[in-house]
Amino acid sequence: MVGVRAGKAHRDERIALVVLMSCSGIFVVAIALILGFLAFNGTELFWGDRYSLFSFLFSSDWDALNGHFGAAAFIAGSLVATGLAILIGGPLGVAIGVFFSELAPKRVASAFKPAIELLVGIPSVVYGWLGLTLLVPAIATTFHLPDGDSLLAAGIVLSIMILPTVISLSEDALRVVPVSLREGSAALGATRWETITRVLLPSASSGLAVAVILGVARAIGETLAVQLVLGNAAIFPTSLLQPAAALTSEIVMDMGDAPDGSGFKHALFSMALLLLLIAMGLILLIRFALRRRT
Amino acid sequence: MMIESQSVAAPSIADKMKIEDLDIYYGSFRAMKKANLDVPDRHVMALIGPSGCGKSTFLRALNRMHDLTPGARVEGKVTLDGVDIYAPTIDPVTVRHRIGMVFQRPNPFPKSIFENVVYGPKIHGETNGARLQAIAEKSLRAAALWDEVKDRLNRSALDLSGGQQQRLCIARVLAVEPEVILMDEPASALDPIATSKIEDLIGELKKDYTVIIVTHSMQQAARISDFTSFFLLGELIEVGTTSDIFTKPRDKRTEDYITGRYG
Amino acid sequence: MARALAATPAPTVEKLGGSSNARSRRIVDRIATALLWTAASLVVFLLLLFIGFEFVKGASTISWHFLTGSPTAAEAGGGVGPLIFNSFYILILTLIFTVPIAVCSGMYLQEYAAGGRFKDVVQFSAESLATVPSIVMGLFGLLVFVTAFHWHFTALGGALTLTLLNLPAMMRVTQEALAGVPGTYREASMGLGATKWQTVLKVILPSAIGPLTTGVVLVSGRIFGETAALIYTAGASVSYGRGAYDFNPFHTAETLAVGLYQVHREALVPDVDRIANGSALVLLVMVLVFNVVARVVGRQLTVRFTGKA
């Protein structure tokens, strides 16, 4: 009796293992396929249409219907909006992470944290809509512009969107620093702020760097929120207060209109490939940096 | 001195610190009950007692470390040269400038040896590079570490051995130029050779500083201290010169502990 | 206990209590603390601002007709009923694929894989998959489901794309939930002669059901609001004519989030703002609902299955 039951149990075990491993394998297949498809379609512009990679990356001559695919304006737009987002959201996120890790009493923390989790859950299209109806008019009136669509608006919206990520990662990084370092610093006569800036932040620096890099990765891939407040003017940005365009916003706007097999469509896929490479590159950077530290 | 009868402390010893009716609470738990102690200047006072008797808790009240623990409450008076360090007008930051602390496990910052030592002086406003160098050398010499690290001051403090790290922590405290040094079982995490180096160091330090040291080793207390206080279950039971405590304890509980009836 | 200080306190402590260096450092510390409190309060303030603003603007739109009625092609007064339906439809469809795959993979990585090559590859693949921006995933879905499979825009295509997008998050949720189960349960079960699979299925998974459910509901919230990956896979048009509440996975399915984007972009109807504000409000409320449900259900399940709060 025991033998029969044990036999079935072991057969179940083997079936289960096969199923579980297959499911895990799906991840590997998926990323391989994605890279493959995007690489194929994203390089079609250069292999098939023989468009210059250099022009694509560095020329801002974008006239899709006439065969000009200089994407520098979009690249610059993405970089500037992301840079602004990190400039605002990075220090702010770390500061709030410090708050939760070092200052907040338990009751206050448990009141504030749900707010952060809710911010994470808000869909990007809603952020975009709020930006469009709340922030863009505010910018227009403050700076006396006809229209508030701008890189400034995109930067601000993005900074709010990456805040929860930066906050929770910063907090985690700080909590890892041993209590004994805080005590040692206090025992030498340091104020809490001095302990934070001179001991805790330097000690947690690798974790804080990860927080910031992940914020950048999130910001550069953001589509809807950016598209709604950026204005979509395919010109190289010269001011934070003018409409501009980003890689993500351009793709989502024109992918439906670009004819199949056209250079236009290929150029859009090239932009998508570029986005993928940047995002993956950033995450790989984090992995290697972390591995070297430990 | 708090000693009632028996041997007499030299009349010229002044008290550096006086602790009066000290109560320490963690929430509603009373960790220390009405402790009274006078600490003579420039001598070594050992605090002994079994685990959990409150000696570390007592020690931490002497430099207001309990301020950092939410839920901890200290009542009573702790005076340094006659001034109550718990007075509302006193900034705990300045208290810790005058009363330094060395912890059980070495806790150097993840910085260079040099940066560790000059951390305190930098905070207190010293910016002159030459003076900082001088302070670093003086403190490291006083901690008997200079010869071992003088050629690698810019290397990470975490590369040092446990015993060296602890001496670095002592140097770090000395750089701040305190008057009292509190030590919470400073050698318990170290091997015997490192321990004896620390003990020799304490013998030197007491010439210039008042040292209060918590130790779980009676032998260590007997070796290095001039006075000893015995704690049990949150109460200060007995205080006296070290030789008196170990040869002629007045309280039965002290005697039981000394003779090893409980650990 | 305030006792009277000695009339002339010893110079050492007093002098340092009043020294200029200590005072300015104390001031800096106080200012920094105040600033940090302000920064943290900013987060709460922002959240309240968004919700409040949208409530004010969108509340008037919300009506039974708005929530159940169909959108109009070009007239005012359209509703978002089919869009909400599509959002839930695609959500369920996505979960049907995502949850089993992610839970199985999570179980494998957490309980079985001893740290071999395969585990590293899978972990790396999952992390890489997580970095793919949603618009890029949407393009992948476009290439595969819409173009290569010749499905054109379909709910199924959208759901499969969203599956790929959310698999890493869902797997991480599973891994964390499983990691939270005490090792003693595993030891006890194996010690009684159970196989690993029996242990996982009968002991570990039930113990982890609380955090697992919380995680699944939270990820569902994000799926509900997803836009970029759906525009070019599930499409941006609702079947106006036919029964708009369409259960066919091979038809176009515009969700509420996509609809919010579309109504602004197309600007065909005169009351774009009204509809957009109403949609945004519904989306925000759904986020709140998902968050609350996630916590409540998670806690209840933990109590029921493990007997501890």
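All chains are identified by letter, namely A, B and C, in their written order; residue positions are counted from 1 within each chain.
Methods note: a contact is a pair of C-beta atoms (placed from the backbone, for glycine too) under 8 Å apart; a residue touches a chain by one contact, two chains touch by 3 or more.
Nothing here was measured: the structure is a model prediction, and the numbers come from that model.
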By number of C-beta contact pairs, the top two chains: A-C
From chain A, the most remote chain by mean C-alpha position: B
Distance between chain centroids, defined by C-alpha means - chain B, chain C (Å): 52
For chain A paired with chain C, centre-to-centre distance based on mean C-alpha positions, whole Å: 15
Approximate Å spacing (C-alpha centroids) for the pair chain A, chain B: 50
Shared-contact residues (touching 2 or more other chains) in chain C: 25-26
Sequence positions of chain B contacting 2 or more other chains: 93-94, 97, 123-124
Touching two or more other chains - residue numbers and ranges from chain A: 191, 194
For the chain C and chain A complex, residues of the former touching the latter: 25-26, 28-29, 32-33, 35-37, 39-40, 42-44, 46-47, 49-50, 53-54, 57, 100-102, 104-105, 107-109, 112-113, 118, 121-122, 125-137, 139-140, 142-144, 147, 164, 167-168, 171, 194-198, 200, 218, 221-222, 224-228, 231-232, 236, 257-258, 260-261, 264, 273, 276-277, 280, 283-284, 287-288, 290-291
Chain A residues within the chain B interface of the complex: 105, 178, 180-191, 194, 198-199, 202-203
Contact footprint of chain C on chain A as seen in their complex: 9-10, 12-13, 16-17, 19-28, 30-34, 37-38, 41, 92, 95-96, 98-100, 103-104, 111-112, 114-119, 121-126, 128-130, 132-134, 160, 163, 167, 191-194, 196, 217, 220-224, 228, 248, 251-252, 255-256, 260, 269, 272, 275-276, 279-280, 282-283, 287
Chain C contact footprint on chain B (complex, rising order): 75-77, 80-91, 93-95, 97-98, 123-125, 179
For the chain B and chain A complex, residues of the former touching the latter: 63, 65, 68, 70, 93-94, 96-97, 100-101, 103, 105, 107-111, 119-120, 123-124, 169, 172-173, 176
